[in-house]
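Structures follow.
Heads up, the next two complexes both have chain A, just with different partners, chain B and then chain C.
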Partner chain A sequence: MSFLFRLAARSAWNRRLTLALMMLAIALSSAMLLGIERVRHEVRASFSQSVSGTDLVVGARTSPIQLMLYAIFRIGGATNNMGWDSAQKLAKNPAVAWTIPLSLGDSHRGFPVLATNGDYFRHFHYGDGQALQLAQGQAFNDIFDTVLGAEVAQRLHYKLGDHIVLSHGMGGMHLTDHADKPFVITGILARTGTPVDRTVHIGLDAMEAIHLDWQGGARIPGLSIKAELVKKFDLTPKTVTAVLVGLHNRAAVFGLQRDIADDTSEPLMAVLPGVALDELWQVVGIGENALLVVSGMVVIVGLAGLVSAILASLGERRRELAVLRSVGARPFDIFLLLALEGLAVMLAGVLLGVILLTLALCALAPMLSAQFGVTLHPSFPAVGELQLLLWTIIAGFVASLLPGLRAYRLSLADGLTPRL
Partner chain B sequence: MKSITWIGGIVAAGLLVGYSLRLVATPAAAKPAALVAAMDATDSTPYKVGDHLQQSPDLVQSPYKPSNKSGDAFKEIAWESLIPKNWDAMAPFKGLKLDKMEDGDPRAVEALLKAKQYWKNAPIDPSMDGASVRIPGFVVSLEREGESLKEFLLVPYFGACIHVPPPPANQIIHVHSAKPVKDIRTMDAVWIDGVLKVERSDTMMGSAGYSMTSVKVEPYVDNSNQ
Partner chain C sequence: MSHAAIALRDINFTWPGQRTPTLVLDRFEVQAHEQVFVSGPSGSGKSTLLALIGGINNAQAGSVEILGQSMQALAGSGRDRFRVDHIGFIFQQFNLIPYLSILDNVLLPCRFSAYRRERALAQGADLLAAAQSLLRSLDLAPTLWTRAVTQLSIGQQQRVAAARALIGRPEIVVADEPTSALDSDRQQGFLDLIQHECEQTGASLVFVSHDQRLAQRFDRRIALDEINRCAHVEENA
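Showing the complex of A and B:
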């Protein structure tokens, strides 16, 4: 048996270029399959890590998924705001333990600006119930104070005490800046691995203040209210985008949800984050399955390439195999030789694929986390992924038995007789 | 001729590979059924809004009796056992002759509003504290750890959270799973084994309720007709 191994290895070394190409095809296709599976799981995990301990997300009526996307994940824009009086009424509800008002819409160099109050730093939790931690400085005290997420501070090289200018609306352009009212960075949050890292936090009163001289959707020419003077105005917010609600007793969530939906003073909607996420995965699941099917097809194409390459190589190896037969190798030995080679190429290819994927993840992870807010960790394949890989190897092995079977049936004379 | 056989073989192998990949990729537990389920993947749930899970009828009629040796065996109970035995659901309508009233009678409307409030604040049964029970219900996700569910609400009927008025406090169990459960989503039907705990709370709005640390969570299978 060990003799067969040596023989297979020597023979393979002789044809190393062809085999290396085959291995590369297998590696690329299995890396793709694994990569899609990995991204799918990481995206789900990172989404469900983004919020914890929040019982309801309340906002203007829209799709529950949409509300979650813009209020929690900062993806897309709000369709409508809710009145501040409704938010305050909610906070006074005896079943409610805490509320966090959120106001969105502005941006700073492409990063979303979130206006909130001190309750955000006290009550917002993420991951496994962790609270937000300030890496440097403190939460905002004065009106034009701002607290940055870790990613914002790192990418734009900001430090405490720096002045920044917010832009009206989303988008990275500096066309409509709130340049007359700069903000001071008073705090930088510790890294969380959630959308909080990409957020610039300001106070609700500051959000109101920078929009004082904006009426009817544009800055009024000639009207400019100086930053020092804004405190003379009423800075109570009129609207907020959404309110996060925590309850004393989580089982009371349906009752409050119904109360909010039935409230006749303002049409509002309350969403259970866990339920909305499950709904989101149901929608996304269709696309994910399509991706998996496509990557499955890529693997099949790779395997078909493997089989055809081995079959083609049988022609080249006719002499080699016939010589082996003539010195006493049984047809079954020839079969084993080819099966062994197929298995080895599959194993090496899949292993190479895992290494390729890990390298690619290491290289791309910072870009992905900055662009899409998805943190990918290069890690050992999980159980589900190992299962996928195992199936790929088995399928490849079975496919490589076909050329082996053909070689098994080739007669000795066929290989030794020169054909023209 | 031989080459055609080979091509056929390769195609067959490819199909085999594709099928097995599909089975692996489909997350459902039952492998052959997964293919059928995938056909109507968007709406594969067998339940309609308002559906209850089936339990044997004698269980519903005979209320839960606490056994002397607690803790070892999980006794199957019905959701009705969570309502105190002496609580009268029709109490708000007492003294009203409903059959003599017109539709939209202000007294009836008022009574209905009162009844809604009364049902919402339905009391819990303190004697259920510490009972080891086994109960079927639908899951409403609360907290996840990675992709596994570790905290959820269990409700007695399908669609409890969205489509119909919410169940009263005594028909909701707040479950902390002992170890995170995989592959469970909102409105999946499960069996749960665990020890009930009565949560008392001094806030108004009847926020007392049941909670449970589940020992075992398993997919619901209808065993009443087997």
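Showing the complex of A and C:
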């Protein structure tokens, strides 16, 4: 048996170039499989950790998914806002520990602008309950102060003290600027890996202020209120887009949710973020599964390459196998010789794939994080990934039995004189 | 009483998937220590005869006895073991495993057969010494031993193959056209060495060739196309 191992090794070494190429193909496809799995996992994790510690998201009635999309992910716009008095009433509810009012609608060079108040920096949590951290500067003090998410600052090369101008509305190229009321950057948040990174934060009063001389989404002709004068006006918001709610006791969440839904003074809804995120993920998850299917196919193509290369080499090896038969190798030994080689190439290929991926992640992680906001860390494969790799190896081994069986049949039929 | 080394009787063999038998013969015998020349053009059933002697295939009818052991009585793996224990093969060409060293090639039967290994150890101090002494007596100088198999000439390769067939002193050596790839001077020399070594080890030699010039050096000559009652001799062969 140990002689067979050595024989297989010597034979493989003799064909090392072909086998190295096969190994590389396996390595690349398993690195891709693993890489996609990593990205998938990371995207899902950062998705589900985009908000934490918030018990309810409250907004005007719409679908729970839509409310989550704009309140948490700043995607799309709210069709209806909720009244400020409702938000105030909610904040005074004895079950409620804190509220964070959110008002959306404007943007800055493609990044969404979120109007809120100081409670945001105190109470908003993400990930495993991490609080927001200021990397530089401080939260807003004065009306036209703004705090940037990490990615906004990095992409647009902003630093503390820079002045920025917001645009009315979201997306689109031809937005009207609030050029008369520029903001000054007073703080930049540390990176969170959540939509917060892509957000420009301003105060609710500033949101009111820049829209004083606006009506129905357009500037009121002939009216222009200077930035210095806005404090003379009442800057209490009339509406907000959504309110994030934290409770003293999580057990009260369903009761409060029902109370909000039953409130006749304004049609509102309250959504449990975890449930809504799961629903939302099921929508996004289709793309996720497609990715997995694609990488699965890459592995299958790699395996097909392995099998066809071994099969093709059988022709050349028929004499070698016949000689081995003549000196006493059983057909089963011949089978073992080929299966062993397939397994070894598979194992080495997958191992090389893991190493390749780790090296690639080491080299690319900063770029991925900066460009796509996906934080990937080179790490030892997790249990799920190991299972995936194990299945890949098993599939490879089963695939390599195919040439083994063919060699077995050939050596039975050929006997000592291969009929070529 | 001593058995014949090889005894085939009333053989009828048809390859799977074929309609007509390839080999039908009443009697084919080789005695112990005997050296037999088997001639026959292609299609006369040579490969089939060797497959039966080697226990690769079983005849559908008749009996094949090697050294008194019925081949039909053994299972496939038993025949594989019996073959490596008692028979050394030399083929026309491409005898050697290209990625093994010369010495490893010679020692191959000892890897698969404990019987051959023990008998080889009786030939020399250790396996390596046994292989080296065989190579020396087959005119392969020690300077060649470290070379890659592919760097040897065909003649040298055939002598390495002969050493492999002879190591561990198998009772039977089967040579299938071993000289056809050699030029005529070397054919004689190779035959000398083989015959001499078989005499030394006491092995029966079945030498298959279509070259009648070599036939005169054998005591007994068998024309396979004459004893095979269903030889399909190809006209253009």
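Here is the rule we go by: the second predicted complex is superposed on the first by the 314 of 420 C-alpha atoms of A that agree within 3 Å, B and C clash if a C-alpha of one lies under 4 Å from a C-alpha of the other, contacts with A are read in each partner's own complex, and residues count from 1 in each chain.
Everything below uses one rule, namely that a residue touches a chain if its C-beta (ideal position, glycine included) is under 8 Å from a C-beta of that chain, and two chains touch if they have at least 3 such contacts.
On a predicted model such as this, the values are computed, not experimentally measured, just so you know.
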Q. So, does A:391 touch the first partner chain B, the second partner chain C, both, or neither?
A. first
Q. A:324 contacts which: chain B (first), chain C (second), both, neither?
A. second
Q. Can A:214 be said to touch chain B (first), chain C (second), both, or neither?
A. neither
Q | Between chain B and chain C, more extensive residue contact with chain A | A | B
Q: Applying the touch criterion given at the start, work out whether A:14 contacts chain B, chain C, both or neither, answering first, second, both or neither.
A: second
(Q) I'd like to know which partner A:98 touches here: chain B for first, chain C for second, both or neither. (A) neither
Q: Using the touch definition from the top, say if A:254 reaches chain B (first), chain C (second), both or neither.
A: first
Q) Which of the residues in chain B end up touching chain A in this complex? A) 6, 9-10, 13-14, 16-18, 20-22, 24-26, 38, 41-42, 120, 140-147, 151-153, 155, 160-162, 165-167, 169, 172-174, 185-186, 199, 201, 203-205, 207-211
**Q.** In the complex, chain A residues that touch chain C
**A.** 3, 7, 10-11, 13-14, 319-320, 323-332, 415-417
Q: Using the touch rule from the top, collect the residues of chain A that touch chain B in their complex.
A: 41, 44-45, 48-49, 52-53, 55, 94-95, 128-129, 247-255, 257-258, 272, 274-275, 277-279, 281-282, 285-286, 289, 292-293, 296-297, 299-300, 303-304, 307-308, 311, 387-388, 391-392, 394-395, 398-399, 402, 406
Q | Residues of chain C touching chain A in the complex | A | 47, 50-51, 54, 56-57, 76-77, 80-81, 83-85, 89, 91, 94-100, 108-109, 111-113, 164, 176
